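Here chain A shows up in two complexes: once beside chain B, once beside chain C.
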Partner chain A sequence: MRLPARPGERLNRDREVTFTYDGNAVRAFEGDTIGSALYASGQRIFSRSFKYHRPRGLLCCSGSCPNCMMTVDGVPNVRVCAEPVRENAVVRPQNVWGSLERDALVVTDKLGGPFTPVGFYYRTMIRPRWAWPLYEKFLRSVAGLGKLDKHGTRANRYDVEHRRARVLVIGGGRAGREAAQQHAVAGMQVVLVDEGFVDPLEGVEVVAPGRALGIWEGGLVPVDAGRVLYRFRAEKIVVATGTIEQPLVFPGNDLVGVMLPDGVRRLIEDWGIKPAEKAVVVTVDEAGREAAASLREAGVEIAGVYDLRRERVREIVARGRGGVLRSVEVDGRKLSCDLLVMSGGRQPAYSLLSQAGARVEYDPGRGVFIPTDIPEGIEAVGSVAGEGLAGAVPAASYNGASGKGKCFVCVCEDVTDKDLKRAIAEGFDSIELAKRYTTVTMGPCQGRLCHVPSIRLYARENEKDEATIGTTTARPPWAPVTLGLLAGRPHEPAQRTAIHHRHKELGAKMMWTGTWRRPHSYGDPEGEAQSVHASVGVIDVSTLGKMIVRGPDSAQFLERLYPNRFGDMKPMRIRYGVLNSDAGRIMDDGTIARLDDETFYVTTTSTGAGAVLEWFEWWNAVWGMDVEIVNVTGGLAAVNVAGPRAREVMRKLTDIDLSNEGLAYLDAREAQIAGVPSLILRIGFVGELGYELHFPSPYGEHVWNEILDAGEEFGIRPFGLEPQRILRLEKMHILVGQDTDSESNVLEANMPWIAKLDKDDFVGKWSLEQVQERGLQDLLVGFEMEDGKVPLEGAQVVLEGTRPIGRITSSRWSPELRKAIGMAWVPAAIAEEGKSFLVTVDGGFERATVRLRPFFDPDGEKLRS
Partner chain B sequence: MSFLLDCPNCGPRDVNEFSCAGEVTVRPKESPTLRELTSYIYFRRNVAGVQREWWYHRQGCEVWFQAERDTRTNEVLRTEIVEPSSRAGTPGPEAVATPDAPAV
Partner chain C sequence: MSGLAFLSPGRASAEAVWCSPLARALEGAPPDVGDLSQTGKIEIRGDLPKSVKGGELNRITPNRGLVLCDFGKTVELLEKLSQDYFAVDVTATLAGLSVRGEQLMRRITDLDLDALPAAGAVSHIQALVTRDGDSFALWFGQEYSDYLAEVVIDAWEGLRE
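Moving on to the complex of A and B:
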């Protein structure tokens, strides 16, 4: 099937590549596409059509049409005519029940019935109503193109890259290359993008194959380069997308063996394939004649060339067997052939320009739509701007609808001329509405091959001209794009703490919290929690947000941001703070340590760090106070040593006075820990005597190791996030975002003591006053289950009689208390110590008792010890 | 949204580098009535036209500035870091919002 090697061909005939198609090995050359190699191996049927399951073969050979879509290495809907071969690729046909050659669903083509006319699903499937589930099941099984493996794992990595270009040229044809070169010679940075293969160009970065998906505001052009989505920002965009060859509409125009001229040219010139034995050409422009010449040269017999510009042809009918072309009848004259080249003229590929804001006008002289009013910053060059387009299309002289078979206007969606006429008869008199009703232009080719033919047909049926009918709106993406690519990794790097590798060595099970990787546990959450109560544990809390707030106004700044008081705070003391919005909602919480008169050290939640920094910076910009805010989150590591024996561990690491008098609860101290300058905060999120140590990140592992060594004799254990959650729940400490949502305020979240409403002003004060005035409605309370079953977080709180009145926000089994405990939002009337409510558990109801004070160490004696 | 924003410090950058805190509003001076409070918190002018907004260069210099943007075209007419003296009242976004992720 291959022709002798010829100059300019894409093949490297010295290098063979083998892949499998439907289980059989196919040999190809480097430079082949999967499609060209299959064609060379004798394959003619490449797919089954969307609706009628008609056999389809190569049509455009340029990645425009849907005819060659197959599943390659598990990725469905790959256009194999444009997909380069690669060793061991696994290629399978799709949209087939059986094989491409024998597809059971081809009955829809033969029978028609209720499944085929346009809009059938709006009309047919609605009665009888009881049958809808059956209809739906069937429709779902046959609808759509390609199948995804529901149990498949990620096959490919996709990435997003942000790029800039002084000049971005889209299209690597003659005009595009010239424009690229000119700009490069003028010293500009130029990037050239093309969907196919492009030879290198001096001074120009070439991205090929790559598909420009659209032009957005700000000169944004996303380019699909297979595994990478480039988001190009271009100062200037040159659109040189050229033209798209248009098919002709006649019965049998979708048979296997009917092709567009450029597809034929590619098979011969790029891949050295003799496309057929005997060909007929029907054309309205030079492209058909050129194809005929190429075919002759390749040794193909030309049975006839019909140039519609010169000859008057009334009727064209293509006939085949099994969906494969056997002959063409032109005005009753039958010519047997295995290739029919149809050329309906070339339409400028204006979609990108139109998206960018250009107008599109019909040029009756040339019979095509031409883009005009090109917006600033964009240039259209070459044939997309109409350059070199001769008057190609005479008034359609032949009758496309002769009643001798289906005439396809849109091969993607299997829309025929009859469907369009039916839509017109039903009153869809606007092309935009008809598009939505018939789905013409809405398939994989995105109108490349069906937009102009549908407008022509519409114009003729409505007895209007094309200019009046107008075009439908061009929308991105211009080419289909895989969802994987759109979901590719953005530039939001994962974060690891300085102690990350030690956690892994200690067998930690890691989990995501925001962008952070943190130990969920070291394999024994309950045991880890218990060792904190029994002896001592250590947790890495480096992920906490950390800020230094410094300046003459810093105390006043914090007074205005937080509901608490700070002005009266002594240096080296610590306060718990909750940040509110002006609507009175809880945004974040953390601790604030006053280091000296003008300096505060503020911690935030791990995931809230960024938002709190923004919040601080913003109010500082608004108020213009004399305050500097420095984010030191990444620069400092932090660990919390907690448990009754924490003091003994700490004593081995530092010389300072750690007695309860020397460093009391909520005291801060600067000290050397294991030789590292640190800030010690005596706080206790987990309810036991605890020391939170903040120190420079580079010493993370060193300090961690020293603590574990020092604690060995006391049986110290590292603990993860999950044990910490058990411990904090025992203390009824809230987790912002877990126990609170965007409606929660501190009064109803049971922290009324934190809001000093007698202060002049603070963010959220007025709204909290309003809450107080209207009275508390739902309150956050603790609860314990009577029978020990742990309800799901999110479970409903139910009143007798099964009316939902609240919800569970946190729940755990406490190994220390031997109880199922949790927190829940309940109406104020129930929010009293000892009252009870029902909770949904395992489909039934279980009783829970309200607890308002911490389950563990309610008076904080252990914390203060 | 895919337009460019001219950070007063860093120059034109992709809008995704910024977070937007919405239109500049005026925070009531002292104890507001319920009506004043709700209108400050919940009501926005939402103009079809040029609007003054707060923007934060999150993935850049971490500075808040104000921009005048035409909400119909996303054309940004000017950006500036506002000096405290000229800060008309105080704005109040409910929370620091993240711009919608772009389609691509």
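Moving on to the complex of A and C:
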């Protein structure tokens, strides 16, 4: 029931907002929260508890407890007491089988006790073992809070904004506002963040509602402002988070109608709601008395006020029907009521300070934990620092009366005083262990309402003081945050070549290689591969890593890095190189073109570019050689024109001498291609006559288009990565990372000619010498299948008798050779031309024959043609 | 010694068609976002000068700088700078994106916008960011053009929701 309009209320009674709750329309005023509107409409049960499915109602009305969590517009676990109303919002209860009023799972409360004691998941439902899958299925269906739509899409847009603040004040209460104003008057840029509603402050930017989630190094404070996550970097942080009202522990303390004083005050003052007809107040501080005054003023009959500072009460028991409060018994005296206000004192909300590195100490005089040793750059002001906290009776806040119903210490996780006592009896006598075993403080409130009561219970039961029991570790996030907000916008930092959009126009099917998007094929991988053999094809290889290595020591630098020799290379010649780790394992491969005495152009694999660049820079720093390394990967587009008609295509694009004498296999040349300055490398990964053209990326589309035009009369086709893989396999060219792993070395990968062990030294030399000394064990070889079936990559190589002895690394059907071919690691004894082994294919074994020379053009005549 | 001509788009003949890496990505983009890619860019290394005549020097590290200049003057300036420094034409390597509005920038980077130019992460990728009043320029690897344009346009839309 609404009270007459009053000054200071949050409502704009001239504007109505309508939303639906469980399918029924609910009318609210602007300024209402979903929770206040539901309460005003008569709703009292707001949720069912996590484990026992007990009815729960509004408790704090400040977003601190788990009691009002509902699903709003598909987003589960929204605290509706703090969620502003919005037109047409769809609100549903969660964690129920049936309705909030009639939840079938309440059976766990009635019967579950013996079956679901603390830590039950460690000891019940274990036998019979065969039944576990059934238990598991059931438990998974009832566990957790709220449900996500597995097929749902993003319901809301969430953004991240990076902010800076000279002073960031967290908390908009009296102390926070004063601090903000003082700093603003001193001319500083001040931002004030508060979880609730805060009036504007001159000279201060107010972010409200906004929840500070934690304090990280460098003054980083992420603030959840609903749809935007503000990542504040603050030079100074003022923490004015105030205090949190604490509940009392007694039987029935979780009944619907048992509330904290501030929750009651908010209902009356903020939303003009008469919370109940008849109330009882039990308090250890002034807050309870103030709530009683507000209630009286709102026309609520006060059946009794028990101030535990003044009167000695031995036993409080709340009783209800259907989980809703009906009466309170105080030392046996029964008072009927529909509201019980309990005030267990206030506890400084020190979590953010503790996360930032402050120590927390128990103050026995005031019965609270106070933060001390506040780190530099952070200031605590107001009641969070202990200011004005006096007069509570801490011992009274734990007042369990055995045998008269469940006394909840933790309403989030349904942990009772009995559970904690049992944990102590089982030896979990430290509060940190109790937290892990009973899950007390691990629920949605993150200890706001259960931390202090559990410590007090531990102190009493262990006959120690609270200081000795200590606190548990405060960890971020301090306030619950939606995963959507943490995830931010769904963008993937993909790399694309300068020709990317042309590929798409040509119908390419794109795929990921590392972080690059590349054409898998243009729809006909085998046909594309065949056109390279038959005439000419063109592939975008811009993703190759590319570096300029320049300086007087560059040849020596490469000599030391690679097992190959480079000092003897003539300018404008190219060599294939394999890069080793310092343990002699294959890291990467590529080509190295010497452009002049002091300049080399190095290419790497597409996915290895970053690592190779770092590797080069690292060794350059270590050796201190006179070498400059420049990463030009993105600056240059690269395409490979390959096939027997490639030269004819190229002749239409450049006027340099392309004859075998003018530009031989493994020659490099700088020239204009279609008017674009380019570096031409005569190399061939795919086994046919080939020209790799490297040129400034803004001309990627231009050169690509010119090549396709020039090749039209020869039937040129673009080809993707998949046809390239077929073609390279026919040539038995390895793919680093596919045919090699972190243990492969060049000697066993069948490339002994790479390793010049007579060189002075190079990275990984010692390891290769050791391999040579111990003898080769497993070798990378080619194979062809006798029956033409293509084994899976990763399939086992098997010796007669089915013992696995190796694995297939690559396999394809070659339309050119009309054979199933591949590469595999096999023991050295089998790695001889013509020997055979078995391969697992389709659950059976098929025979493969070892091939050591390329399947296609073994003498490289086509490449050199 | 090789002049590394193949790195310089400025050496292309008139028949060659320049296509900005951002051309497609910015089709239909809002007016607050623009393409600066066809700007001359030269990386120089060594003891950096205080300024570069004919270009705007941005210091990335104490001995590494990025000179921005008129596209048509890049080759000429490169040759001049090469006499005193290790200089490389990175015109093709970096895309340039202009962004108007501080709040839009705050949605994509945590760089201190009052301490620009600076190099750092912009939506997970490395960029050099320069500022002129309320206008910002992002210089980053051109292969991320589609990605970064998508991010910026999306952030712009987010501010209008």
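Following the convention adopted for this analysis, the second predicted complex is superposed on the first by the 655 of 865 C-alpha atoms of A that agree within 3 Å, B and C clash if a C-alpha of one lies under 4 Å from a C-alpha of the other, contacts with A are read in each partner's own complex, and residues count from 1 in each chain.
Quick note on the criterion: a contact is a pair of C-beta atoms (placed from the backbone, for glycine too) under 8 Å apart; a residue touches a chain by one contact, two chains touch by 3 or more.
Remember, it's a predicted structure, so these values are computed and weren't measured experimentally.
Once chain A of one complex is fitted onto chain A of the other, the partner contacts of A:R157 are limited to chain C, with no touch recorded for chain B. Once chain A of one complex is fitted onto chain A of the other, the partner contacts of A:E793 are absent, as it touches neither chain B nor chain C.
In the superposition on chain A, contact of A:L229 is made with chain B only, not with chain C.
By the touch criterion stated above, A:W618 is placed in contact with chain B alone, chain C being left untouched.
Counting the residues of chain A touched by each of chain B and chain C gives the higher count for C. Contact with chain C, but none with chain B, is seen for A:P493 once the two complexes are overlaid on the shared chain.
Residue contacts after overlaying the shared chain place A:E315 against neither chain B nor chain C. Judged by the touch definition given at the top, the superposed model places A:Y699 against chain C, while chain B stays out of reach. Of the two partner chains placed by superposition, only chain B is touched by A:G214; chain C is not.
In the superposition on chain A, contact is made by A:D582 with chain B only, not with chain C. Touching of chain A by both chain B and chain C, each in its own complex, is seen for residues 162, 231, 233, 631.
By the touch criterion stated above, chain B contacts chain A in their complex at residues 1-4, 14-15, 19, 21, 27-28, 30-32, 34, 37, 40-42, 54, 56, 58, 62-64, 73-74, 82-85, 87, 90-96, 102-104. Residues 157, 159-164, 231, 233, 489, 491-498, 500-501, 516, 548, 550, 595-599, 628, 630-636, 670, 672, 674-679, 694-702 of chain A touch chain C in their complex.
Only residues 162, 213-214, 216-220, 222, 229, 231, 233, 476-477, 481, 486, 581-583, 585, 587, 610-611, 613-615, 617-618, 621-624, 631, 742, 761, 766-767, 770 of chain A touch chain B when the two sit together in their complex.
Across the complex, chain C meets chain A through its residues 1-2, 4-9, 11-21, 24, 37-38, 43, 45, 86, 88, 90-94, 103, 106-107, 109-114, 123-125, 141-147, 150-151, 154-155, 158, 161.
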